[in-house]
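As written, the chains take the letters A, B and C, and residue 1 is the first residue of each chain.
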Amino acid sequence: MLGLVLLAFVLVVVAFPGLFTGHSPLTVNVDKALEAPSSAHLFGTDDVGRDVLARVVHGARITLSICASALVLAAVIGGALGLFSGFVGGRIDMLLGRLVDVILSFPPIIFGVMVTGILGPKTLNLVFALTVVYVPLFFRIARSGAMSEAGMTYVEAARSLGLSQSRILLRHVVRNVLPIVLVQCMVLFPLVLQIQAALGFLGLGVQPPTPDWGAILQQGKDYILLAPWMSAFPGLAILITALALTLVGRGLQRRMDRR
Amino acid sequence: MSSSDIFGVMDRRTLLALGGFAAAAAIIGPAGATDLYGPKGSGAKSGGTLNMGLLVEPPGLDPFHQAADARIRLTVLIYQGLFYESPDGTAMPLLAEGFDLSSDRLVYTIRLRKGVKFHTGQPMTAKDVAYSYNYIRDAKNGSPGAGDFAMITAIEAVDDATVKITISAPNAALPMTLGNKYGGVVPAGYFDAADAKTKLNQASVGTGPFKLSEFKPNSNATLVRNPDYWEPGVPYLDRINFVFVPNAASLLVGLRNKRIDIATLSRPQDVKQVEGVAGLVIERKPSFNQKAIDLGAELKPLDDERVRRAIALAVDKDEIMRASIGGLGNTIGTMVAGMQESWGAPLDKLPNQKVDIAAAKKLLAEAGHPDGFELTLTSIIGYDWMDAAAVTLREQLAKIGIKLAIQRVELGVWVKNFQSKQMGFTFNDWATVPDPNLLFYRHFHKAPEGADFRNWKNDAASALLDEGRVESDPAKRREIYIRYQQAMAESVPTIMLFSADHVVVRADKVKNYDQHPTGWYYGLARAWIA
Amino acid sequence: MPFWRGCSRRQGLKDAESMGAYIVKRLAALVVTALLTSVVVFLLVRSVPGDVVGQMLGQTSDPVAAKALREFFGLDQPVWQQYLGWLGRVITGDFGTSWTRGQPVLGMVGSALAVTVQLAFATLLLATLIGVPLGILAAIYEGRMLDRLIQCFNLLGLAAPVFWIGLMLLFGVSTGFDWSPPLMYVPPSEALGENLSIMALPVLSLALLQAAAYSQFVRQNIVSALGQDYVRTAIAKGLPVRSIFFTHLLRNIAIPLVTFMGLILIQILGGAVIIESLFALPGLGRLLLSSIETRDYPVLQAGLLVVVVIAMLVNLVVDLSYRIIDPRVQLS
């Protein structure tokens, strides 16, 4: 319940940032740099005098849409590959399995650093890097799903009825594996959020002046003794969002387990 | 040994040969500035370990092949060249004792200091000096310094204590070129060993006051006192631990809690976070560095001088400086702050220095961009001042209709673009040794003599750079460089924004550390712990 | 289904004899994967623009000097030739010398690994010590106040970004107690006390998250086990609670717990970059990051290979430990 309320709140922030702040997240005002939280600036100001609340609120949409699109992409690509691999089996399955092993044992942050280095610092490339990191997990889930489903009687039955491979795959297996993948998305979201923020923390996130929680934290960390509000609030935003998603994801999982 | 001792061993002729240089410096330079490495401490105590925090880890400690400033800062304590870059702009004899200059100003006969030993224990002779400089000037050996030595045609050992250097054209900056930025004197034949290049990161073979003891990646570099050092009585410190702290937050916390004794802050405004902490002393020193906007002419429409001028007219240097380093520096025109007095063109004699939005808009309209255009600014990840500067610049350029996108790239990528002359519109951060030839020539002279990284291709300015290099009369030389700077300000291949002060934070037990304006840690050769 | 269950791989094993065969098979697969990794890594690191020579020459680059240095490092050769040369040397155990440090690569990776392994195991230990008891307590008091409190801790621990916790800890400890960890790393063999004071904050920052994950995990498993038939039967038979707990429950959660520990270990090995840089620890993550920055390919290649191989070894040990914990387990 709490989870749903929090999630609803986060979604409202994403949809209507203007409700929460009248300040622009971009306007620089050097004379008002590093002001402590006050009634004019509830979360204080940053090193070039921008309103931290405005940056956090407007950053929600950017940060969360990056994470969400990376997850959806990873689920689609990883899921499809996993289903395919599990169903086809044999050499292809082995090869894909090994490849996924390699990616999975790669340290995700180092991987992100290299990919954004290779492709250049574009938001799209950040999404891509995050996607690649999470493809293996969805691959595995979908593959094991496909393999266990492949042995199920209904698939056998469908096959004996003469339905083609691809139709079996689509109709039955997808329908049974999809909910698992969806719940995984919710469960994984906080993790993606962490890695995204970590990349932003290393300076590899969204390009300035666009607000992004990881990037705000990165700017804030150097002012930790002077202006702790610069890093405290974006961190709290990540915490609350992750909390909401975890709670909702867990609720969904419980419902599924019961089914 | 005080300054008078050093000059005492030189005869009159040498002093004259140094050019009016030394004389000019005596007028400009602050009192005591002629001491090698800074003044010796009174009541200095020997011994003790100093922990210095470094935000930027040197990518290597090889003075011959590694150009990074983070490397130079440390290795000037380990390796020595023939001359020392005195903060006032003179080249003071270091491993040299003095020199004679032939009447055609092409042959330098340099007398070497006696009794100098390498860290390996063997004595230094003219053969070693000739070997070291011959190694560095041959570009095939892969030294970034090679370009600075291109005008040297021969270096020979005359006898054990004399070296003869022949150059192709008179060069007023030669002694300064034989300084400590690249290379240093090492034993003859050192690079014959296949692994010599990488080995310099583990064992030092220089003549400097400190020897390398260990260099652990991501942890520390430790120097120990050179017991055979040729200057009597110095250095005072037994040991220096350079501790690599990869972020300002931890560095400041470490300073606050006395985990480190001294640090220079790359972003001077960080100083506010340790102000008023008991037992910490904060000092500000002018610097030879510059934070700049470079305008690569290969990127359209920056090939149009009117566009470049318009950008210069829209830039409020002071606001950018306040935003990015909290105002702890000096805005500059065309010369780094520490050399403004000796070499800089007076700001009121330079065009395109004051913000003038109307004039900028007019120029843009003339150039065919009445509504402005879109432009991408490159900044470098890890150079913290650039982040704040970028968003501030974005707002300033918006006033003349230029829509600025910001892209932050990793340093290695940035360097690659820079080297291949594809820098575009970018922030830059670099420092110089105190001579205008060494500051400008390589960066701004047209190719092939200079590297002309910004594709400026300016004949008139290049001619002035050639003139300035040959001229030995300091007053005339200054005049030439002022004309050069006016040409640069007019055509805007670069917009020098400001020089950030060196801010040294030290525990009060650390005495007599004098920060050299280059940012190099020469001062540690004179520092001591109470 | 939690995601880590999808990650466990069990392969055919009918009796003790085939255990050996199984290990051999897994090791063979490991070698293949390692080879594959080395190719991927080799291509990947060379696709990042710029190289060590560019980094060395910086803003004073000279084309002749650059060419000479590229030849010195062998960067002028075709990539496949560079790869084969490197592979040939690696097979004979020669990982080469760092291009920027002049030290043997193996030694550099080894000492960085030692730091990260210490970090990982200390985190694991602390997380277990906090997380497992909390999880058991929460399960025993399911639905009551204590359970709720522990669940709160779990949720917050899981939701907070690790580096943010680290930053806030550093800030809090420094301003609150006028203390901060020493910045120059000392291995435990040299000075244990100093080492522990260096490691305390980074371990705590990492362990909070892991403890929350643990506690959550243990609670879930015990609660679901309590609902299982065999436990109900045992309770109905009147067996003492303690004996049920130790004979049935612990064994039942041991297997997923081991998987879980392995996963955490792998996560910290490559993923502690930010905590390592925040607390100036010379660990493997930071070594990898700095060798990307300097384009020190020999170090980067060896370091990444080590991370990947260790991750696979940990997985193997985890799978094997299933059988040791519960001989009934069929590794299929």
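Criterion: a contact is a pair of C-beta atoms (placed from the backbone, for glycine too) under 8 Å apart; a residue touches a chain by one contact, two chains touch by 3 or more.
Worth saying up front: this structure is predicted, and the values here are computed from it rather than measured.
Put simply, the chain farthest from chain C by mean CA position is B. Of the two chain pairs considered here, A-C and B-C, the higher C-beta contact count falls to B-C. Averaged Cα coordinates give chain A a centre that lies 44 Å from the centre of chain B.
The geometric centre of chain A is 21 Å away from that of chain C, both derived from CA atoms. Chain B and chain C have Cα centroids lying 42 Å from one another. Residue numbers of chain A whose C-beta contacts span two or more other chains: 117, 202, 221, 224-225. In chain C, the residues that reach two or more other chains under the touch definition are 48-49, 167, 170-171, 174.
The set of chain B residues touching two or more other chains comprises 247, 249, 253, 256, 410, 412-413. On the side of chain C, the complex with chain A involves touching residues 1-3, 6-7, 29, 32-33, 36-37, 40, 44-45, 47-49, 155-156, 158-164, 167-168, 170-171, 174-175, 266, 269-271, 273-274, 285, 288-289, 292, 304, 307-308, 311-312.
Residues 247-249, 252-253, 256, 267, 269-270, 272-274, 319, 322-323, 326, 381-382, 384, 387-388, 390-392, 394-395, 405-410, 412-413 of chain B are the ones that touch chain A when the two sit in their complex.
By the touch criterion stated above, chain A contacts chain C in their complex at residues 98-99, 101-102, 104-110, 113-114, 117-118, 137, 140-141, 144, 180, 184, 187-188, 190, 193-194, 197-198, 201-202, 217, 221, 224-225, 228, 231-232, 235, 238-243, 246-247, 253.
Residues 26-28, 30, 33, 47-50, 117, 120-121, 202-204, 207-209, 219, 221-226 of chain A touch chain B in their complex. Across the complex, chain C meets chain B through its residues 48-51, 53-62, 64-66, 68-69, 72, 97-103, 108, 111-112, 167, 170-171, 174, 178-185, 277-283, 286-287, 290, 293-295.
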